[in-house]
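Naming follows writing order (A, B, C, D and E), and every chain is counted from residue 1.
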Amino acid sequence: MEGIEIVVPLDVPREERERFLDNSRALTGGKGRVMLFAGDQKVEHLNDDFHGEGIAPDDGDPEHLFRIASRGRIGAFATQLGLIARYAMDYPDVPYVVKLNSKTNLVKLNQAEPLSRQWVAVDQVARLRDANNIRVLGVGYTVYLGSEHEAIMLGEAAQIVHRAHGFGLPVILWMYPRGRAVADERDPHTIAGAAGVAACLGSDFAKVNYPSGPDAQERFREAIRAAGRTGVICSGGGRMEVSPFLERLHEQIAAGALGSATGRNIHQRPLDQAVRFCNAVYAVTVEGASVQDAMERYWEGPGT
Amino acid sequence: MEGIEIVVPLDVPREERERFLDNSRALTGGKGRVMLFAGDQKVEHLNDDFHGEGIAPDDGDPEHLFRIASRGRIGAFATQLGLIARYAMDYPDVPYVVKLNSKTNLVKLNQAEPLSRQWVAVDQVARLRDANNIRVLGVGYTVYLGSEHEAIMLGEAAQIVHRAHGFGLPVILWMYPRGRAVADERDPHTIAGAAGVAACLGSDFAKVNYPSGPDAQERFREAIRAAGRTGVICSGGGRMEVSPFLERLHEQIAAGALGSATGRNIHQRPLDQAVRFCNAVYAVTVEGASVQDAMERYWEGPGT
Amino acid sequence: MEGIEIVVPLDVPREERERFLDNSRALTGGKGRVMLFAGDQKVEHLNDDFHGEGIAPDDGDPEHLFRIASRGRIGAFATQLGLIARYAMDYPDVPYVVKLNSKTNLVKLNQAEPLSRQWVAVDQVARLRDANNIRVLGVGYTVYLGSEHEAIMLGEAAQIVHRAHGFGLPVILWMYPRGRAVADERDPHTIAGAAGVAACLGSDFAKVNYPSGPDAQERFREAIRAAGRTGVICSGGGRMEVSPFLERLHEQIAAGALGSATGRNIHQRPLDQAVRFCNAVYAVTVEGASVQDAMERYWEGPGT
Amino acid sequence: MEGIEIVVPLDVPREERERFLDNSRALTGGKGRVMLFAGDQKVEHLNDDFHGEGIAPDDGDPEHLFRIASRGRIGAFATQLGLIARYAMDYPDVPYVVKLNSKTNLVKLNQAEPLSRQWVAVDQVARLRDANNIRVLGVGYTVYLGSEHEAIMLGEAAQIVHRAHGFGLPVILWMYPRGRAVADERDPHTIAGAAGVAACLGSDFAKVNYPSGPDAQERFREAIRAAGRTGVICSGGGRMEVSPFLERLHEQIAAGALGSATGRNIHQRPLDQAVRFCNAVYAVTVEGASVQDAMERYWEGPGT
Amino acid sequence: MEGIEIVVPLDVPREERERFLDNSRALTGGKGRVMLFAGDQKVEHLNDDFHGEGIAPDDGDPEHLFRIASRGRIGAFATQLGLIARYAMDYPDVPYVVKLNSKTNLVKLNQAEPLSRQWVAVDQVARLRDANNIRVLGVGYTVYLGSEHEAIMLGEAAQIVHRAHGFGLPVILWMYPRGRAVADERDPHTIAGAAGVAACLGSDFAKVNYPSGPDAQERFREAIRAAGRTGVICSGGGRMEVSPFLERLHEQIAAGALGSATGRNIHQRPLDQAVRFCNAVYAVTVEGASVQDAMERYWEGPGT
């Protein structure tokens, strides 16, 4: 599998082109596909994903995420700036994607339309990066399409893309159709629409849910095409067993996904297992490994 | 058919007059009428216009739009800045109108009043243009008159016109009466009102829906008069056959429309057909061709 | 009838006093009373006032307004900046009041509370004036008192007065009690209250509706007293015959009104008639002519 | 009765301390207690307080307020900046408190929660003061505690205090519990709470309603204690006879109130009477006069 | 019990590191645990906590809080800037945490969703500190998670943390799940979630409610783990007797709490008792004293 040529968008200024390319290559292992270790759930799901039955006790402490990120093979670890600011000095090699907005899961969809607003500005992220020499490879932001507050999030997303590119930072948009107006969040056609919106916002990657159903792979191709030069990343979703997870992932990559975002399936495991799982996910996502190869790496353990 | 003298509005500063005139002439082929290839539907209609029955497979990929725009004769291709930033380096000759706001079609009118807010600032567009030497000829913005959020969009539109003119950029406002208060979006008198509002906002062009009904042409003249020195552009609307489409277009131009905006009727066709259709639309819109002449061009094909 | 001494408010800086005085004198013909040709209805009433039964065909084109304003005697022509920016180069002698906000009439009072927000900033108006040497004599803004959005408009109005004075520009506030909370928009006591609010906002003039009823004149004096040093201008309202219109106007001026604002009653007539009507209105408003004298001027025609 | 030492709050910068002290002394006659002539009702109550049965005809003209303020003894005349800007040149000796927000009384509490927003910025007031050498001794602002919009007003109030102190200007906050959540606006415990909030906002004075009921004085002391170093000022409320008014005022001062704010009870009288009433109120409020002494001054007339 | 190493977050600029460390050490007595004397209730609870049955009369005057803070042993006294600005000149040794937002308790949860907005900016606090040499050791802010207005408060909190760190100021976030969506504000799992959100916001400390129920201590550990390097502080809650209060506090500290926040239990007592209670709380919180030792200190009295 070849490296994919990176198109530097025109809102990256000349003097930031090299940095943008470096960040993009680092994010995608030089192969064009990003393996995102998603760790923004401490806000999005409160402590539900970190404590309880079937969750390794390790996961109760946020440092677990940094330990995994520093030992496993990942494209980047996506989390909030506040957490990075308090741990990154001890994990100098971890590559980060700063998630710029988050909301809790307390207010349900039947109570109010979803709204998640920007917490920190892109230039604040860039200054933190420059002052501390930490590896911030990009920024992320969630857009709830179909929410009555959609206009707020579309506006913030457009500005984030524009400004992030100004600092040489690629952007990943979490594109989630959600709200009273959205009958089925996993409808492939709606997902394709969401991927297309990310492209119009100028995002480098669009993180979407993988469709459900028997012809998921086929139907998912609509989204990949709709996104054009914006890479589509599949959300990992809820907890699954290793083998079916990797099989689904392989199917997504085979369909043309330019990455995967895995959270709970990694961090809910004990450290060693989590690291090995990371590596397996990385192998399939970035290196184009078969499921069998990836399973072997999972069982072999982290190595070195 | 003669070239029409361009009135440079007073909010164009002296040092930008030449650029404004150049942009206006380029936009209108020196004839005063703009043939707009409208391509903002990837947000406005999600993937509905790009995938499905009766839509050419080519259209699933956003690059299809750029391919058409670079091979067909157009006044400008209107789309979001994010998409332009990711493709324009490969399509250096395409003239663009940057659509500054967009909303999805998920929230229906019976759920909430329409609101579409600005994504990027005019000066960000101008800087992108200047840094990359791309052919941005103008900017566009949608106003939903009659929405309870009308005040927000009127305010943004007024500022966009003022600032765009400050950078030598003509403006096209999509003027759509929409919301609970609007009984009939295609009522000619309401459309005329919308065109008049665009004039009061200082817009160079107002894109409106063409009225329905037998005496459409006659009734449409109300809008053209109401707009005064602001040119009225007719929306292309849903998919039609080539010949009736061109006939309606000819009727609109004959009524005094200063342009047409065509989206789905162009891009839902395979590339070659789409390009030929573009050329036919251009012939009628800009060059004042008869329907028969335009049909001939359509059948002849693009040529060089 | 004597010239009335102009009180320059303290928020006019020393270096702008002369300009403020010049503008005030020009606006009021040196007599202290302003004859405002109100032409913001293309937004406020869409095309209802410009097309239809009983409206001269001339009125369908916005240039009709400029033609009247340039040939008739007026204190100033009040309209939106966008329209001025596109016509004023051809009408260099017309004095303007820039109307800074406007809303359409689509959303009715039983649907939502009225809200009209500022379109352009005072400094943008001042720069346009200075760059083009056009005769902007003042700015205008509508406040819907009693709307649930009142706080927004009171705040914008206060800032507009303060800033307009900073550029030597007098201000006319359209003071309209409107909304669910307002039982009777033409209640003289409420109108007096509205006039008093304009005074507290520091406005130079308050445009209000003239009360209805037999003792209108007497009751109107409450408003004139409440406004103090802020001049009260009467809205012209809907279409009337020439003679009763001028009689009512004379009654208003006799009651102490410091001006009149006439829109539809002027521009719905053919150009020549409209110009003569302007002159009649000017005669009564500014020059203190009797109704008979004014009627004579109306029949004599514009002359030079 | 002794002069009370003024505590200069720490947000008054060193270079503004003398001015703050001068303003405070002038405001309180060097005695620590402020006699506020409250004249913001032209917005708050529209023309209800200025025209009608039992109201002197003088009061219909806003200049009546300035005439009283210039002839009577007052701590300061509180009104909106717009009015000051139009009259203060003729009343150079009047001390002012600029009321920075106001709302009308049209929207009732059963329709919508009360909201009053800032009209002019503190630095605009300070510049007006400095450019014209007028005696602005402080600024005022109303907070409706218990309104659903409370957060907006608390934020504006906190910023106003901070910035006013930065320009050497003391602040008076009108602290009114109001809204659906407030069962009894004159509940002494709630009033005490409101006084305490003013203290936490850093205000110099808190204007509150005096409790009703037989043990009002005793219960009012809770508010005075709760306010700490922030002085409590009693609102004058609706029209009363001279003698009971002064008796209640004396009771308030005896309870520890650091001032009174009287509006309607002053300005609804004819000029001479109003001035004498002012002086009587001043005597009780600032000079600690007995009711009998004050009544004598009222009957004696203004004198010099 | 050892001093705990302080992790300086990466958003503290190099030149503010020493100050941040000094502030952190002062705040925690060099032991890593903060004893917060919480005094923001004059807004949060109006005068309910300061006047009434079972409350010492001393408490009616806000200066009582400063007297306690200056004589008792505390980590910091948390209150609004306005109060500090008016008393701190007389209490130069008191260490402060400036509470940046507050709301009243008038609007109940069944009426509207809770919203508390920022009153003063961090840089205003820092300037006040620097100009007056007062001991501001940090800032505080309340976030109501689960409120429909959550997005506003999350955004303000994130900015406050980022900016406070920029001025060398540690941050304490009051993390309260509250609103229609929150079934049980004291559910340990939800509290743990709230503590985790504070960590993601980058806060130094998270003030939460201590869970109720028999296995509170055990369940509370979930929150402490979830907060990671962000210290968890327990709210003191309603009035209790000395001994059970200290026992519960000891249990909290033993569970790993990095501090306590006590308000009513301190200031509702007469000064001497309040000071002794402070010292007992300090002993348990910061010095790791046993309940018995702390009780002894309480009975012994403050001493010098």
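Throughout what follows, a residue touches a chain if its C-beta (ideal position, glycine included) is under 8 Å from a C-beta of that chain, and two chains touch if they have at least 3 such contacts.
All values derive from a computational prediction rather than experimental measurement.
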{"item": "Proportion of interface numbers common to subunit D and subunit E (over half same, under half different)", "value": "different"}
{"item": "Cα-centroid distance, subunit C relative to subunit D, in whole angstrom", "value": "35"}
{"item": "CA centroid of subunit B to CA centroid of subunit D, Å", "value": "57"}
{"item": "Interface hub residues of subunit E, defined as touching at least two other chains", "value": "none"}
{"item": "Touch-based graph of the chains, sorted into line, ring, star, complete or other", "value": "ring"}
{"item": "Subunit E-touching residues of subunit D, taken from the complex the two chains share", "value": "7, 9-11, 13-14, 145-148, 150-152, 154-155, 158-159, 161-162, 165, 177, 179-182, 189-190, 192-194, 196-197, 199-203, 222, 225-230"}
{"item": "Contacting residues of subunit A [partner subunit E, same complex]", "value": "40, 42-43, 46-48, 50-52, 60-63, 79-89, 102-104, 106-108, 111-112, 115-120, 124, 128, 131-132, 134"}
